[in-house]
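Next come two complexes built around chain A: one with chain B, the other with chain C.
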Partner chain A sequence: MIMEPLKTIRPELLQLTDPQLAALLPYFVVFGGIAVVIILSVVRFMKPKWPVFFLSLLTVGFGIGAALGLLQEGASELVFNGMMVSDTYSNFFIIVFLAAAGFTILSSFRYLDHENLQHPEYYVLTLFSALGMMLMASSLDLIVLFIALELMSLAVYVLVGFRRADRRSNEAALKYFILGSAASAVLLYGAALLYGMTGSTHIRDILAFVQSHPAGLPPVYVLGAWLVIVGFLFKVAAVPFHMWMPDVYEGAPVPVTGFMTTGLKAAAFAGFVRVLLATGYGKGLSEAVQANFHDLLWVCAVLTMLVGNIVALTQTNLKRMLAYSSIAHSGYLLVGMLAGPGSEQGYAPVVMYLVAYAVMNLGAFVVLTIIADRGDSGLNLNDLSGLARRHPWLSFAMGVFMFSMAGIPPTAGFAAKYLIFYSAIQANEISLVIIAVLCSAISVYYYLRVLVYIYMRDPVGSPAASRMSVWSVAAVTVMVVLTLQIGILPAKMVSAARKAVTSL
Partner chain B sequence: MEISPIFFYLFAGVALAASAMVILKRNPVASAFSLVMVFFAFAGIYALLDAHLIAAIQILVYAGAIMVLFLFVIMLLSADVPSFDLRRAHPVARAVGGVLSLVLFGFFVWAFKNSPSPAPLGNFTAENIEAAGGNSRVLSELMFSEYILPFELTSVLLLAAIIGAVAIAKRKQSLPTEGRRK
Partner chain C sequence: MMTHVEPWVVLAFCAAIFFIGFAGVLIRRNILIVLMSIELMLNAVNLTFVTFSKQLHHLGGQMSVFFIITVAAAESAVGLALVIAMFRTLRGVDTDQIRLLRE
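Now for the complex of A and B:
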């Protein structure tokens, strides 16, 4: 019985129209840049260090430029048979990811010299990871999403283990690799179950399936959806999937840790929000399923905030402390996601928070990169004693970032937290907001303790020479300015975030 | 085409038993060979589903190429350290882990029992595929038109993996000492 002949050759799918080509420009720029960097790093007639460094920065710059151009136009373009989309949301996040990659590269230059590490591979892998993040934010198909996730993670697994001579770095890379692969497998299994139930990996077809079952979704669908969500929750290190994070953050080279907390987390959340929204979260799901998602995410958010903040109190290593604080910030972001459907701002506070968090956290890690001793030692609280006498401006920058993370005005952290809590109140999540505010109050203690050590303790030991380079100083300066600018005049960033979210 | 239940249960049973062997065997080489068995059983299931090309690729690429590389690595590293020992685990951890996996298993069984059979996947029936020129042809045509983006992205992913492997495995280069302060 032949129903209708299969039509598998569809040449129209292989042709890109001009607007589609333009929409893909940032991706082409970044991948082209990577290709040229790879070639440059193997030529033998010159040292690849400087050309590769500048070319990587140039790639990031052109990529941001292309994304800014697309953002101005504000068009929304489906490409490759609807498997990915270029809209304001994806272009907004492209800028965030590329900026994170760019500042990581800037701050790593002197670091790599000091630690005697190879330059070209480091930059190439950073760019690869950024490319994976860009695809995460723009994919509309579970297969593409999975490949993007793997591309982003695989490059970072290697970056975490980049200090090959250091056992902690090896251990961190192996832990991250094994646990990360397991989480990817869980996500993939979930995607396979969704495909089995709905007959498509495409997110819009999955939405159509959801809408055609108003009475209730089959259990296998819910199971698959939960497995996919667990995969995402692992990537953002929400409790109870956070065990890997402190060890990995501690073992990874400092600039890589900064890149992970900003780029990786923002990408995971960007993909998470897009997939969850596009498959009908908040609208279109039946009451029971929506309540099920809401309740479990609620528990997850509360646990994440509590565990992150309380364990951070006892940490004396700055990298570990920032790792737990990063878990806590994931909790606040989950609060924003829970509040999304019920508040008039929707998910704009989440996007805004991701940007603010990226800025202040990247800044803090650039400072840590500068003051770290050889082999990433000297990052305990004691080592910071009296830093203000040696580096007054660096200490000031660290102060701005710490105030911002604690959510004290007039910094970016305050504006972002205010928006998230406000939207949660609008969504009538009163108990959630109370817990979040209490957790936020706890966090002030461990953020300000850093400043107590920097400003009020006498220096101990002989001060080591710091890896101050003009590149890292530039990065820190930009981050301080951005933190204060978003904090004092948040309106511009809020409207950009809102525009990005409405294009979803 | 009707799937013969006997063969399905045979292959599935072999796959399950061999997967258990992969993690229970203490000798890494034995684990690797159990994994080969798993791949063969999977290939059998694919063949039952009329996916002959995938079955062949499964045997050639996974059971053949990838597992041989695995074995080479195991032998080169001479990893005769027992990889896994259940007896070393804490009894409480063992109990909690066992109970939780049973609960998860029960939940999966319940979910699959209570769900309708999967939606028909387009018009990709065995007869239709046969009429359009067979498995390999339909698959390759789909791969290079509808699924071109994942296909190309996979090559980007592989490139990143190669660079990463080189970065980790490369022998230590002697950097010039100028510019270092310590």
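Now for the complex of A and C:
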């Protein structure tokens, strides 16, 4: 038996045209920046600390600039034989990921000094992870998606275990590695089954296969699609695949935790939306397809919101509390995903929520990075008592972020939650919205408890040595401004999110 | 002499290997065995891709295998490095010893 020759891959297709090169500019910029950072970090005649720090920031800045330029043009360009696409959706997310990486780098500079961890590898790994996220938002092929996922995850596994001498950090890294690799393997097995049924790993071919089977899908296809979805549910820490998250968040260095909650989660959702659409969860598809995926995802969303919010009530460690709150926010995002096909706004609320969540959560973690004692201790609620007297500005910022996460106006969190619930009502998911609103009400308790400790308790013990750096305070200030700006004038961000999802 | 094997037999075999690997990740306590189980899962996926590739007469599946092998190698490198880091602080490679974070 002779194999069919590879008709789809021809050498002339591997040459990049000018518009394609332009569309790939953000990736080239970031990759080139990483290469130079690696070289700088091994030179012997100077301390690499400052040049590496500035060059990483410069890379991020140029990357954001390139992506902004492409976003302005609004062109959609298929590259590498259709395996990747550079469209408004991917460019929008590139800006989010690079901004998350940039603010993580800004806030961790002084932190690394303080913890004796000032190694250039930290910046390299952060940038590599951001590159993986960028590829993830733009991949149109399940194998490319898998490679992007691994690039992103492998860098983060090492970042989680960056405090090499610390036992908790090691344990968190290993736990995350084992469970994360197993989840990637499950995702990949799903991709293999999808390939077997549809004859392609390309997302659009898979969608075409689904559309050509309006009556019903073969069971192996459904199994494969579910395995892929389970892999993603693990990455976004939806219940019942959330067990790793609190432990990993607690063990990882604080700025890395902040990076994981924002960048990793946004990237996982960015890839998830593309794949979920491809596996048949979209507008105008057969009832059989909707029923196959809708009901179980509904249960998953409800469980995620309930477990995340209820367990967060009992947490006294702030990192662990924010981990459970992060699970709860995954639940709200899943509500948006479920509502996507049925509402006129589509997936725009999900994108908007990811941006708002990234801004407020990154801000909260930058504040935690500043107030953490050596070895990440001193992040219990009691340690925050009377913080308002020591750091009035940080306390105010923390207040804004907590209000935003609880969804109280006029903050970004309120605007984003409003949009998600509104689109869920349009999609006729009334019971889901009721549960989400009740969970949101529960969450107010544990967010505002933080503020009670900050503003209404007397300080305990001697105040810890402050290590506010200009960089961290600048990062906090930008986040506060963005949180309030998106909250008070959400129209601009909403229209940007709408524009981003039009190319899906 | 070549004997013909039905594709579904090979696919069932792959599924069995995959779930043996998955069970190994969940059940075994020695981290090195857990790493081997993850490799087992990835290799079951490789075999699945190759079988489908043969069945569909489409080379894309065999191409995918190359990428998966590369990624699996990178994954083991990172995994073993993390195991060594853990061994330095814990003096052991059992997952039973990972319990600080649960308390």
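Note that in this section the second predicted complex is superposed on the first by the 489 of 504 C-alpha atoms of A that agree within 3 Å, B and C clash if a C-alpha of one lies under 4 Å from a C-alpha of the other, contacts with A are read in each partner's own complex, and residues count from 1 in each chain.
The rule we apply is simple: a residue touches a chain if its C-beta (ideal position, glycine included) is under 8 Å from a C-beta of that chain, and two chains touch if they have at least 3 such contacts.
Remember, it's a predicted structure, so these values are computed and weren't measured experimentally.
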Scan A:89 for contacts with chain B and chain C and give back first, second, both or neither.
neither
By the touch definition at the top of the document, which applies to A:154: first (chain B), second (chain C), both, or neither?
both
Now for A:281: first (chain B), second (chain C), both, or neither, which partner does it touch?
neither
In the superposed arrangement, does A:164 touch chain B (first), chain C (second), both or neither?
both
Based on the superposed arrangement, let me know which partner A:125 touches: chain B (first), chain C (second), both, or neither?
first
Is A:177 in contact with chain B, with chain C, with both, or with neither (first, second, both, neither)?
second
Touched partner set for A:143, first chain B, second chain C, both or neither
both
Go through the superposed model and pick first if A:269 touches only chain B, second if only chain C, both, or neither.
neither
Should A:251 be classified as contacting the first partner (chain B), the second (chain C), both, or neither?
second
Superposed model, chain A: greater residue contact from chain B or chain C
B
What part of chain A is shared between its chain B contacts and its chain C contacts?
1, 3-4, 6, 8, 143, 147, 150, 154, 157-158, 161, 164-165, 196, 199
In the complex formed with chain B, which residues of chain A make contact?
1-6, 8-11, 13-14, 31, 38, 79-81, 83-84, 113-114, 116, 118, 121-122, 124-125, 128, 131-132, 135, 141, 143-144, 147-148, 150-151, 154-155, 157-158, 161-162, 164-165, 196-199, 209, 218-223, 374, 465
Which residues of chain B touch chain A once you look at their complex with the stated criterion?
107-108, 110-112, 114-116, 118-125, 127-129, 131-132, 137-138, 141-142, 144-150, 153-154, 156-157, 159-161, 163-168, 170, 172-173, 175, 179-182
Considering only the defined contacts, which chain C positions touch chain A in the complex?
11, 18, 21-22, 25, 31, 34-35, 38, 41-42, 44-45, 48-49, 51-52, 55-61, 63-64, 67-68, 71, 74-75, 78-79, 81-83, 85-86, 88-90, 95, 98, 100-102
Any idea which chain A residues touch chain C in the complex?
1, 3-4, 6, 8, 143, 146-147, 150, 154, 157-158, 161, 164-168, 170-175, 177-178, 181-182, 185-186, 188-189, 191-193, 195-196, 199-201, 247, 250-251
